[in-house]
Amino acid sequence: MLRYHQAAVGYRGVPVLTDVTFEVGPGQILVLAGPNGAGKSTLIKSMLGQAEVLSGKATIDGPTGYVPQLGDLDPDFPISAGQVVLMGRYRPRGWWRPTSKADRRAAATALARVDLQERSRVRFGLLSGGQRQRVLLARALASEPRLLLLDEPFNGVDVVSQQAIVGVLRELVADGVTLVLSTHDLGLARDLADVVCLVNGRQWAFGPPSEVLSAETLRLAYGGHAIDLPDGRTVLVDP
Amino acid sequence: MSWWDDALHRAVVEIVLAGALAAIIGVQVVVRKLSFFTMALTHATFPGVVAASLIGVNIFVGGLVAGAVVALAVAALGRRPGQNSAAATGVVLSAGFALGAGLVATQDGFSRDLSSFLVGSILTVDTQDLIVTAVMLVVVSALLLVCARPFLYGGFDRSFSGRWDIVLMLAIEAVVVTVVPAVGTILAVSLIVAPAAAARLWSDRIPMITGIAVGIGITGGLGGLWISYQWNVAAGASIALSVTILAAVAAALRRAIQVPTGPPSSRQVTTTAGLA
Amino acid sequence: MIEPFTVPFMGRALTELALLALICGPVSVFVFLRRLSFVSDALTHTVFPGVVIGFLAGGLEGIVVGALVAGVLTAVVLTLLTRGGALSDDASTAVVLAAMFSIGVVLVSRRKSYTSDLSSFLFGRILTVTTQQIVETAVLAVVILAMLAVAARALLFRTFDPAGASAAGFRIVALDLWLNIIVALVVVAAVRAVGTILVVALLIVPAATARLLTGRLVPMALIGTGLILGAGYLGLLVSWTASVDYGISLTSASAVVLLLVLAYVLALPFRRRHQKATTTRSSVHELVG
């Protein structure tokens, strides 16, 4: 359960994204769409408590899982894929306790769900971009979230990995997990979303993809860089 | 007896010149986050200075050569995959300091030299030191003025840097080598970093930051010299302390002033949203 | 090769270094990964006023207490200053370092034994380590290793992925403070015996070298400990031989640091080979899946 009402989010008192109002229920996929720098990451960070909700109201029901952007992580970090997944079982309460057999089993199961069980001992940074993204998804799975946040999960990801990720996401939805994922790929947004939130400095539209991703709203949000094609699709041109 | 013959008068001139020189380069150090690198330079030029005095070369030249080696070593090591510049800088710092200290230890009267290296002996600067500092002040100011734009881009856009990074590192190194013999390593670091760090909070414009930093550096330096003269404590340390206190006051003052204009109220948020 | 260490003070020096090897191997891994080189360097300087005040107030007994207070205080101040990101980490670290060290120098500069006090702080007195100091170091070593063991996983999470750790409910500031205090304790445990130069090197060089040889965490810590043991033994031996057989005064601390750095330089070419081997192996797998 995730609900924002007339919210402004930002850092150090300065708003990055305003007028955010939406509601997502269990088993639904919310896609945050918008150009780079639109405030998608900030909105996700606000759900994690890492960005401030400056005004309005935000209700976030956890436990929350988080898949960070790949670019935020150091590929030279000396850690194996299996160790990364096991982090999903670390708990802030009882952090001094060693990981149990059950934790290691849950981590192994999560890694198997993204089809990387035989890569457990390989150093994280040596995996391909798509495989790294799957490891991070496995880490989130291992924490058994009810709300899963993914920041640009398909950036720099190969087709095989993308299909693997989408497959797992659909399973999660079937289990009643709420998903929020950000992307600037509008095709993906259309395919995956139950509801779309279109943002660029403020929220421009919220609703089912067929309504939100229309040429009209896109032109509003992207400020004239949206062009209609004869076949009914809309493409965006960078200025 | 000319005015210059008084040790205290020479010290006053030296601290004004060194304060200005350090503050000017300090702005670049703070903006580019090179404080640790500067610290490493102060320690790692040490063996160069010692070796030069052992074989009878000008110590300025010795420090310059050692510093150049250090700057290039940090640049090269920090770029290796798996290594980071913090670790590379740390390794170079340890190596330089240990080598310098080891060299000094093989000589007689070693602890004397070592402590003057650490905290300087500003009361014993001679006219030649003053001339070197003055010349460096002119040269470094000119360099920063001419290269202001590339340095700014370098700080802003990492991909643009490269050779300008090396130029900047060598400029920092030249300043360190100039001021360390007179004022010592610890004082050099605080003269370079503290005024600029405080000034940085007051402005976003490089010329403005530089002006404020120079003011803090010179005022703090003179204040510290006076304290040391009044209470007979080590000049280098009391200057470092007074510069730091002045910088801390400047920073705290900024924080205090900032509060009313700080985070926008929710009303302002609504206004922004309405305009967007 | 064992003979010099049968002399009691050499045996004690080696024991002290072995204890430090035990703690600095694992701690240096975190210093490396969290890029705390500068913080470590700062802590070695900021305990100085603590040492001086402790000595003035309580004589030799007061030194450890003074260093402990100053070290923990610095750890807190550095954590708080860098928390908001208002000042960049390194500038505030430099300012705190210089200010605290200057306080120490101002205090000590009024004493007659000024220069020898300073140099003993820099070099330590590894060859005059007493049994009591060894006991103190051992106690601190147990505390440090326990603190590290209980928080290792959380610290690792925070280091690898701060946003993820914070999302999972870990308090980043608390973890940062925890690690800074660990480093401060290492400095306190080591600084009187081995001096600032050697402490900095022990906290930075072992992990940097080990990282060139391996991409795994536990082996990194073990290699680090091994390197310190090796460099400690050889360094003491070399400085002993130099002064006994050749009459050259070679500071033990300098010798140990230079050997550690030598190991780092020798390990540099390995990195490329190790990296290449693993990359090739993984790229084969990439073709498969």
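To keep things simple, chains are lettered A, B and C as they appear, and every chain counts its residues starting from 1.
The definition used in the following text is that a contact is a pair of C-beta atoms (placed from the backbone, for glycine too) under 8 Å apart; a residue touches a chain by one contact, two chains touch by 3 or more.
Just so we're on the same page, UniProt names per chain: A = Metal ABC transporter ATP-binding protein; B, C = Metal ABC transporter permease.
Just so it is clear, the model here is predicted, and its values are computed rather than measured.
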Dominant chain pairing [most C-beta pairs in contact]: B-C
Chain whose averaged C-alpha position falls nearest the assembly-wide average: C
Centre-of-Cα separation between subunit C and subunit A, whole angstrom: 40
Separation of subunit B from subunit C, taking each centre as the mean of its C-alpha atoms, in whole Å: 25
Separation of subunit A from subunit B, taking each centre as the mean of its C-alpha atoms, in whole Å: 44
Sequence positions of subunit A contacting 2 or more other chains: 78
Multi-partner residues of subunit B (each touching 2 or more other chains): 81-82
Per-residue overlap in subunit C, given as positions that touch at least 2 other chains: 211, 215
In the complex, subunit A residues that touch subunit C: 45, 48-50, 64-66, 68, 72-74, 77-80, 83-84, 87-88, 90-93, 95-96, 99, 115, 119, 122-123, 125-128, 131, 139, 143, 149, 160
Subunit B partner contacts - residues on subunit C that touch it in the complex: 32, 35-38, 40-41, 45, 86-95, 97-99, 101-106, 109-110, 114-116, 118-119, 122-123, 197-198, 200-201, 203-205, 207-208, 211-212, 215, 248-251, 253-255, 257-258, 260-261, 264, 268, 271, 275
Subunit C partner contacts - residues on subunit B that touch it in the complex: 29-30, 33-36, 38-39, 80-84, 86-91, 93-95, 97-99, 101-102, 105-106, 110-112, 114-115, 118-119, 186-187, 189-190, 193-194, 196-197, 200-201, 232-234, 236-238, 240-241, 244-245, 247-248, 251
In the complex with subunit A, residue positions of subunit C that touch it: 33, 150-151, 153-154, 156-157, 159-161, 163-171, 211, 214-217, 220, 278-279, 282, 285-286, 289
